Amino acid sequence: MRTRIVPLRTAIAELVHDGDTVALEGFTHLIPMAAGHEVMRQGRRDLTLVRMTPDIVYDQLIGAGCARKLVFSWGGNPGVGSLHRFRDAIQNAWPEPLEIEEHSHAGLANRYVAAASGLPFAVMRGYRGTDLPEHTATIAPITCPFTGEQLTAVPALELDVAIVHAQRADREGNVQMWGLTGVQKEAVLAAKRSLVTVEEIVDELEPRPNAVVLPNWVVTLVAEVPNGAHPSYAHDYYERDNAYYREWDAISNDRNVFSAWLAELREGARAPA
Amino acid sequence: MRTRIVPLRTAIAELVHDGDTVALEGFTHLIPMAAGHEVMRQGRRDLTLVRMTPDIVYDQLIGAGCARKLVFSWGGNPGVGSLHRFRDAIQNAWPEPLEIEEHSHAGLANRYVAAASGLPFAVMRGYRGTDLPEHTATIAPITCPFTGEQLTAVPALELDVAIVHAQRADREGNVQMWGLTGVQKEAVLAAKRSLVTVEEIVDELEPRPNAVVLPNWVVTLVAEVPNGAHPSYAHDYYERDNAYYREWDAISNDRNVFSAWLAELREGARAPA
Amino acid sequence: MMTVAAARALPDGAACFVGIGLPSKAANLARRTHAPDLVLIYEAGAIGAKPGRLPMSIGDGVLAETADSVVSVPEVFNYWLQPGRIAIGFLGAAQIDRFANINTTVIGPDYDHPKVRLPGAGGAPEIAASCGEVVVIVRQTTRSFVEKVDFVTSVGYGSGPGDRERLGLRGRGPVRVITDLGVLEPDPETCELTLTAVHPGVDAEQARAETGWELTVAGELRTSPEPTTEELEALRELEASVLPA
Amino acid sequence: MMTVAAARALPDGAACFVGIGLPSKAANLARRTHAPDLVLIYEAGAIGAKPGRLPMSIGDGVLAETADSVVSVPEVFNYWLQPGRIAIGFLGAAQIDRFANINTTVIGPDYDHPKVRLPGAGGAPEIAASCGEVVVIVRQTTRSFVEKVDFVTSVGYGSGPGDRERLGLRGRGPVRVITDLGVLEPDPETCELTLTAVHPGVDAEQARAETGWELTVAGELRTSPEPTTEELEALRELEASVLPA
C-alpha cells in the first residue's frame, strides 16, 4: 500500500467525491491552491470544506458552488480584508446557501489532533463565556474526573480527504515540508485519504531543520505541481505574491467579475492571473 | 527572567529540595546522569521521582535513599536485565520502603502532555482490561460527551523540577537537543523549575535537523556538564557505554558493593567508573 | 500615535502573542525601541520570532527563519498559550463593549442572518482567556465602542466583576485598550472601561463622543507623551521594510 | 529458530512496532531476508528506522539516524500507535496465559509484596490494544506458560471470546505466539492458544510438557521449515553487527 505519484487531475478525480468532507490545509504558508483549482475545474459539489483559515482558495471554492458547508475558525483575506464570496454566500446565499460551523483556532486545531490521535474528542480550555457554544453544536462541557474542574470538549474532525502542499517528495512518495507547517500533519493523519501536491519530486529527502516528514504509508497520492501554492508561498522556493491577494479583493468583490474569472479557470489548465 | 548559567552543584542546591517531585527525563538517549549523581551527593531525601524508564541512574537514586516514591512506566536495565536496587527497595524495603505509582508509557507520556498543556487531565485509549487501574489511583474512566464511548483519563503530572540533558545551550540559555528527544520538552514545560545540563555552551545554536529548541524563558538554570549523560549517549558527541550498563548489573546486585560505590561517588567529584 | 502608544505598552523581555496588522506592527516597533528582548509568538508556529522586516501575514516566511523555535499550530495553542506562559496578548476588535468584551464574528443581532459577516474568532478567544494580560488596539468610534457587543467572540470582563473567575479564565483580561484617541483601562472596582489618557491634541470630550456608552473619565486624565524622534524614525523604517508586492 | 520463525511472521511492507531484544532482532532479520520494506517503529520516536546494525537499546542513536521521521514519545503513542496505524506489534512476556494475556509486571499473587518485581508495562498495553495484530515471542516453559497470569499487563483475549470487543480494544490481538518449541495460535472459536506448529526436532508432547495448562494441539500440526542458509547467514551478520561494547 505505497503512495502512488500521479497527475493532479487524476488525483482529484480519484480522491475527492461529491459530498465528501475535505480539508485543504496550510497556515498562510504552503496553501494547496492548485489542488483547490482542480476541484473547481472538476465541478465537485456538496463538499463540507474544512480549514482553519479559509482565505482566497476557499473564497473561490465557495463562489464556484463546490461547498455545502464550511467548518472554520477565521475567514479573511490576510493583510487585505474580507472574503467577498464567503460573505456573499453567508449574507445572501449566493451562489447557494452555505452552512457554517465555527470554532476558534485552538478548538479546530484540537479537533484535528483528536482525529489524528484516534480519539473521539479532545479536551481544552476555551470557549467559556463566549457566544460560540450557542451556535456551534460541536462544543461541549466536560468535567475533569480528578479535580472536578469544568473544561471544554470538541469532537474529532474526521476527514474523507486531506489535501496539503509540500516542498518535496521522493520517488517512493515520502513527503518533506519545512518552515511553518501548521496543522498539515494532523490533517493528513485525520483523513481516510490524502493528497500531497509538491514543488518537486527528488531522489532523496536530505534531512533539514524544522522539517516535517510524512512517511509514504500515510499518504495516498502525491502529485508534482510546481508553484502549486501560488499566490501563497513555499519556503525556499518562492515568496508570497501579496499583489495577487490585493487583486483578489477586486475580482471577488463583484459577482460578474468573479464569474468571468471562474469561467476562465475552468477552461484553462492554470489559474488566471 | 532569563536563564542563568551556573555550576551543576549550585543548580541542584538551588532547584531540588527534600520532598520535591522531580523528573529526570531522557528516553535512553541524553539521560541526565551527572545531575542525578549530584542529587545523591547532596543527599536529597523524600523525593517523588518520576521517569518513564527508570534505569541505572534511578536505580542509584533509589539505592542511595533519595526517593520516597517512584512514578514510572518501565523499570529495567535496557539490554541487560533487572534493576537490583529498585527490586530490593520494592521487595525488601531496602534501604527504605519505596511507594510506586505505575503507568504504561502511553499513560505517563500523556500525563506529561496534560501538564505541559495546562490541563488537569489527558484522554487516551488505554489500560482497559489490564490490572493496572486496580493498583494505580491516577487512572479513571471518562465518557466522550459526543459519542458516549468510554475512554481513559489520566491526571496531569505536575513537577516541581524537571532535569534534562541536551547537546547545547547558547550564552542566553536557549537550549538545543537533537536525535531522539523523548518527552523532554513536555517534562520541562510540566515543571515549575527546570535544569538543563548541556555538553557545551556555544555562541550560536545553528539550526539542525530533528532539533528541539527550548527558549530560555522556559528554562530556569543551565549547567555545562560535558559527558553529563554518560553512560547513556549524546547524539553526535559520544556513544552509549554498553559495558558500563553490564558492569552496573554486578555493582548493584550486592548491597555492599553498591554501598562502596555510593561512598566513592559521594567523596569524588565524578562518578566512579 | 496609536501604534506608538501600543508599542509602549509592551515591557521588555515579556513574551507577547501577536496577531497580524496593528498588533504585529506595534510589537515590532517595541522591539526596535525600548524592548529589544520582547519575545514574539505568532500563532502560525513561530516562538521568539525576530523579523528584520514587517511580516505581511501571520505566516510570513521571515517568522520561521528568525524564530528561536518553529512548532506546529496545535503546539502553539496547547503547550504555549493555554498554560498561561505568554505574558501579553495583543488583540484587535470590530466591536468592544463597556466590559471590554470583543466581537470579531458578526455585526447585527441575528447570527444566522448577519448584517456583516466578520472573519471570526481565530486565536482571539483563547488569547483573551489565557494570556497573563491583554492589550487591545482599536480605532475609537461609536460603531466600534458599543454598550454591548452583538456577539461575544472573546471575553473581557463578561458582565462585570467576578465573571472571569466564575468562567475559569486564568489571565487577568484586557488591562489596556489603546485607540487613536487615547487609552482606556478597566476600573479596578467595576471593571468598566474608563478613559485614563488622551493622545496629544485630543480631549476627553472627543473620546466621549466616539464612545457608545456613558464613558467615565479618570480623575487624573493623563496625556500621552508625544512620539519621540526615535520612535517615529523606527516606525518609518519599519513601514519601509515591508516587502514590495 | 525462534528468531527466524518470528521474522517469518512479518509480511513485507507492513508497519511494525518493535520492542528491543528478540522483537528487534527478528524484525531486523525480516528486513534482511524476505521483507526489505518492513517499516520499523520504535517507541523512542523513530518512525521507519532502517538500522544497518542491531540496535542495543530502544533509543539507540542508529534509529534516529536512519529513520524516515523522528518524533516525540507522546507523538509515537498518540498519533501513530493509538489510531491503529501500525499493522503489527511485537511483544515479549514473562508470563502468558491460555487466553494470551501477558504479564510483565509482577510474579506472585500480591502486587504490593511481589515474589519478583518485573520491569512493568512500558508500551505493551497499548501495543496489545491498538496494533492491527500482535505477535508474541517468548520461551516456552511451565513458568512462563501459565493457566492465568498473576497480573494482566497487556490484554490478549481477556477471559475469552467477545472480551476485546467489550473492552473497546480495536486491534485483533495476539494472532501468533512464537516460542523456542513451536507456534501457538488462538482457536477461532474459543480464543484459547493452540499449538499449530512445532519447530524441526520438537514434538507436540514436549510443547505440552512445557505448558501450564492442558494444551490443545491443532488437528493439522505443521512443522516449521528449517531455517534456510540465507536466513542463517543474515542472522549471523546481524549478530556480528552489534557494536563492540
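Order as written gives the chain letters A, B, C and D; numbering starts at 1 within each chain.
In this section, a residue touches a chain if its C-beta (ideal position, glycine included) is under 8 Å from a C-beta of that chain, and two chains touch if they have at least 3 such contacts.
Note that the coordinates shown come from a computational prediction; the quantities given were computed from them, not determined experimentally.
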- Query: Chains in contact with chain A and with chain B: which ones?
  - Reply: C, D
- Query: Between chain pairs B-C and A-C, which one is joined by a greater number of C-beta pairs in contact?
  - Reply: A-C
- How many angstrom lie between the CA centroids of chain B and chain C, rounded to a whole number? 40
- Task: Could you put a whole-Å number on the gap between the CA centroids of chain C and chain D?
- Result: 56
- Take the average of all CA coordinates in chain B, do the same for chain D, and state the distance between these two points in whole angstrom. 28
- Query: Where does chain D touch two or more other chains at once, residue-wise?
  - Reply: 78, 82, 130
- In chain B, which residues are in touch with two or more of the other chains? 118-119, 124-125, 149, 151, 185-186, 210, 212
- Task: Assign the assembly's chain-to-chain touch graph to one of these shapes: line, ring, star, complete, other.
- Result: other
- Any two chains that touch count here, so list every such pair. A-B, A-C, A-D, B-C, B-D
- Query: Quick one: in the complex, what on chain B touches chain A?
  - Reply: 118-125, 138, 140-142, 144-147, 149, 151, 153, 155, 207-211
- Query: For chain C, which residues count as touching chain B in their complex?
  - Reply: 13, 15, 39, 47-48, 68-69, 78-79, 82-85, 130
- Give every residue of chain A touching chain C within the complex, in rising order. 27-29, 52-53, 72-76, 78-79, 82-83, 86-87, 90-91, 102-106, 109-110, 112-113, 124-132, 134-135, 149-151, 179-183, 185-186, 210, 212, 233, 235, 239-243, 246
- State the interface residues of chain A toward chain D in the complex, per the touch definition above. 1-2, 116-119, 174, 185-186, 189, 212-215, 217-218
- Query: For the complex, which residues does chain D have touching chain B?
  - Reply: 20-21, 43-46, 56-61, 63-64, 70, 72-74, 77-78, 81-82, 105, 111, 113-114, 116-117, 119-126, 129-130, 151-155, 158, 163-164, 167-170, 243, 245
